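Below you'll find the structure I mean.
Read from first to last, the chains carry the letters A, B, C, D, E, F, G, H, I, J, K, L, M and N; within each, the first residue is number 1.
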């Protein structure tokens, strides 16, 4: 049961951030193409957002590891 | 059972904020590209929103930790 | 069972507000870019809306804490 | 069982209003940007709508509290 | 079982009206911005619609209270 | 079991009409804004449609009351 | 079991027609706004369609009553 | 079990045709507004389509009656 | 069990064709409005498509009758 | 069990092709309206596609008959 | 159990390809209408794609037949 | 159980690639219509993509055959 | 149970990448049609992306093979 | 049970990133076509994003391997 919890935990925690990152990245590249001289501004905003979203999955990974530690 | 609850809790709590952040970030970058001189305004609005949404997942993480503390 | 209830409670209560906030924030930034001189108006409307939606999750968090208090 | 009912009750009752509020708020800010001189009109319409929708979740919260009172 | 019924009843009865109200309110504000002189007409139509939709949730609340009365 | 049936009956019977009413109301207000002199025509069409849809939920409410009468 | 059948029967039979009616009504009002002199034509088409769709729910209501008659 | 079958049968058989009819009717009225002189042509096409779709639900109703006849 | 199979069989077999027919009919009427002189061409194409899709549900009806014949 | 398999088999096998055919037919009629002189080309392409999709459901019907033959 | 597997196998294997073929066919006819002189090019691309997608369902049919052979 | 696994395996493995291929093929034909002289370029890109996606289902077919080999 | 795991593993792992590849390929061909002289740039970007996504399914295939090795 | 967890873990962890990568890649190629001289900027942004999303699946793969190690 705990194994299932850990597996689902990291798997589901992956869906949202990935979709969000894909959406953000897609718009970032579209924006660079439209306004190449604002590329610096946009890149920092992109990395900021990607980091925020990556953090969400890291929380899930953290819980998954804690759960795995309880199986053994 | 509690393990499953903790795992699902943080995993599901990740989906909504991630999609919301992705959406907000995508529009932020599109807006910077359209109006580069308003970049300061937009960046503060972006960080404000990201923080609000990050907080939602933190609530989930908090409950997940409390649940984990009850397994041991 | 109660643990599962608490976990799902806060997790699901997170989805809607996050999507709503993301939507609102996205449009807010788009609007600032389109009409920079109305930024003050828009920012107060944004914070008002974010607060309303944050409150919805707080209700869920409240119930989750009450449920947790009943496990021990 | 009652705990699960209370948890799901407030959690699900959160989704619809949040999405609705997000939608309304997003359009409100877009409208302010398009017609800044109608901001007063729009703000009252926005608050009216947010209040109507907030009320929906309050109903759910009410039932959730009544259910919690039946566990103890 | 009855508790679950009451909880789900009000929770699900909240989703549809909230989305509908959000949609109606969003368009109302967009319309006010486009045609400020028709604001009176639009506001009465908005309140009429919000009331119709609020009534739908009230029906659900009514059934939920009746169900709660059968638990005790 | 009957309680669950009654609760779900009114709850689900609420979703469709609410979305439909929201959609109709949204377009009605948009149309008034576009063609203010046709407001009379549109309002009668709106009320006609809202009534048709409200009737659908009333059918569900009717069945729910009949079901409740069979619990006692 | 029969109660659940009756409840779900009318509840689900409500969703489709309501959405369809909302869609039809929305377009009808949009069309009246665009072509006010064709309002007569459009109103008869609207009522025709609403009646067809209302009939679908009436079928469901019929079956639900027959099922209720078998509980007692 | 048979009751549940009959109830679900007619209920689900209602969703598709209703959505289809709503879609068809919506476009029909839009078309009449755009090309009022083709209203005759369009009305016959509309009634033809509505009849085809109504027939689909009639099939479901037929099976539901046959199933009801097997309960008694 | 067989009854449930028959009921679901015809009910689900109704969804797809109805949506498809609605889509086809909607576009047919839109096309007639745009190009009234091609109405003959379009009507034959419409009836051809409706017949193909109606056939799909007839297959489902056939299986449902065969299943009903096995209950008695 | 086999009956349920046969019923679901043909029912589900009906959804995809119907939606696909509806989509194809809709675009075919739209294309005829836009380019009436290419109607011959388009009609052959339409019939070709409808046949391909009809074949998919025939496969499902085939399996359903084989399953029915195993009940008796 | 094996029967259910075979039935679901071919039924589900039908959905994706049908939607894909419908999408491809729809665009093919739209393209022929837009560029009638490229009809040859487009028809070969269409048949190529339809064949690829038909193959996917054939794989499912193959497995379904193998499963049926294991019931007898 | 293994039979169900094999059946679902190939059936589900069919959905994604079919939708993807349909999407790719649809755009390919649209692109040929828009830029007939780039047809060679586009056809090679199309076949490359179709092959990549076909490979995904082949993986599923492979596993399904291995599973079937374990039933006998 | 392990067989089911292996079958679902590769089947589900197929959906996302296929949709992603279809989306990427569709846009690639559209881009080639719009800017034929950038075809080289675009093709390398396409193959890079297809490879990244193909890798995701390969991970799933890897786990499926490891699971199959544990049945025997 | 652990096998199922591992299989689902990697399978579900594949969906989100694949869709996100497909979305990002699609927009990247569209942007290159629109602004070929910004291709360098865009390619680095693309690879950055793809790597972030690939990492999400790697986390899932990691947990899946750990789970597999616990079966033996």
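By our rule, a contact is a pair of C-beta atoms (placed from the backbone, for glycine too) under 8 Å apart; a residue touches a chain by one contact, two chains touch by 3 or more.
Treat the numbers as computed from the prediction; the structure is a model and nothing was measured.
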Give me the fewest steps it takes to get from chain D to chain M if each step has to go to a chain it touches. 5
Where chain D and chain K are represented by their mean Cα positions, the distance between them in whole Å: 45
Cα centroid separation, chain C vs chain M, in Å, comes to 35
Chain G and chain L, separation of their C-alpha mean positions in angstrom: 40
Note the residues in chain F that touch 2 or more other chains, in rising order. 1, 4, 6, 8, 10-12, 15-23, 26-28, 30, 32, 34, 46, 57, 64
Draw the chains as points, connect those that touch, then say whether the picture is a line, ring, star, complete or other. ring
Which residues of chain B touch chain C in their complex? 1-2, 4-6, 8-13, 15-17, 19-24, 26-28, 30-32, 34-35, 37-38, 41-42, 45-46, 48-49, 52-53, 55-57, 59-60, 63-64, 66-67, 70
Under the touch definition given earlier, write down the residues of chain H that touch chain G in their complex. 1, 3-4, 6-8, 10-12, 14-23, 25-30, 32-34, 36, 39, 43, 46-47, 50, 54, 57, 61, 64, 68, 71-72
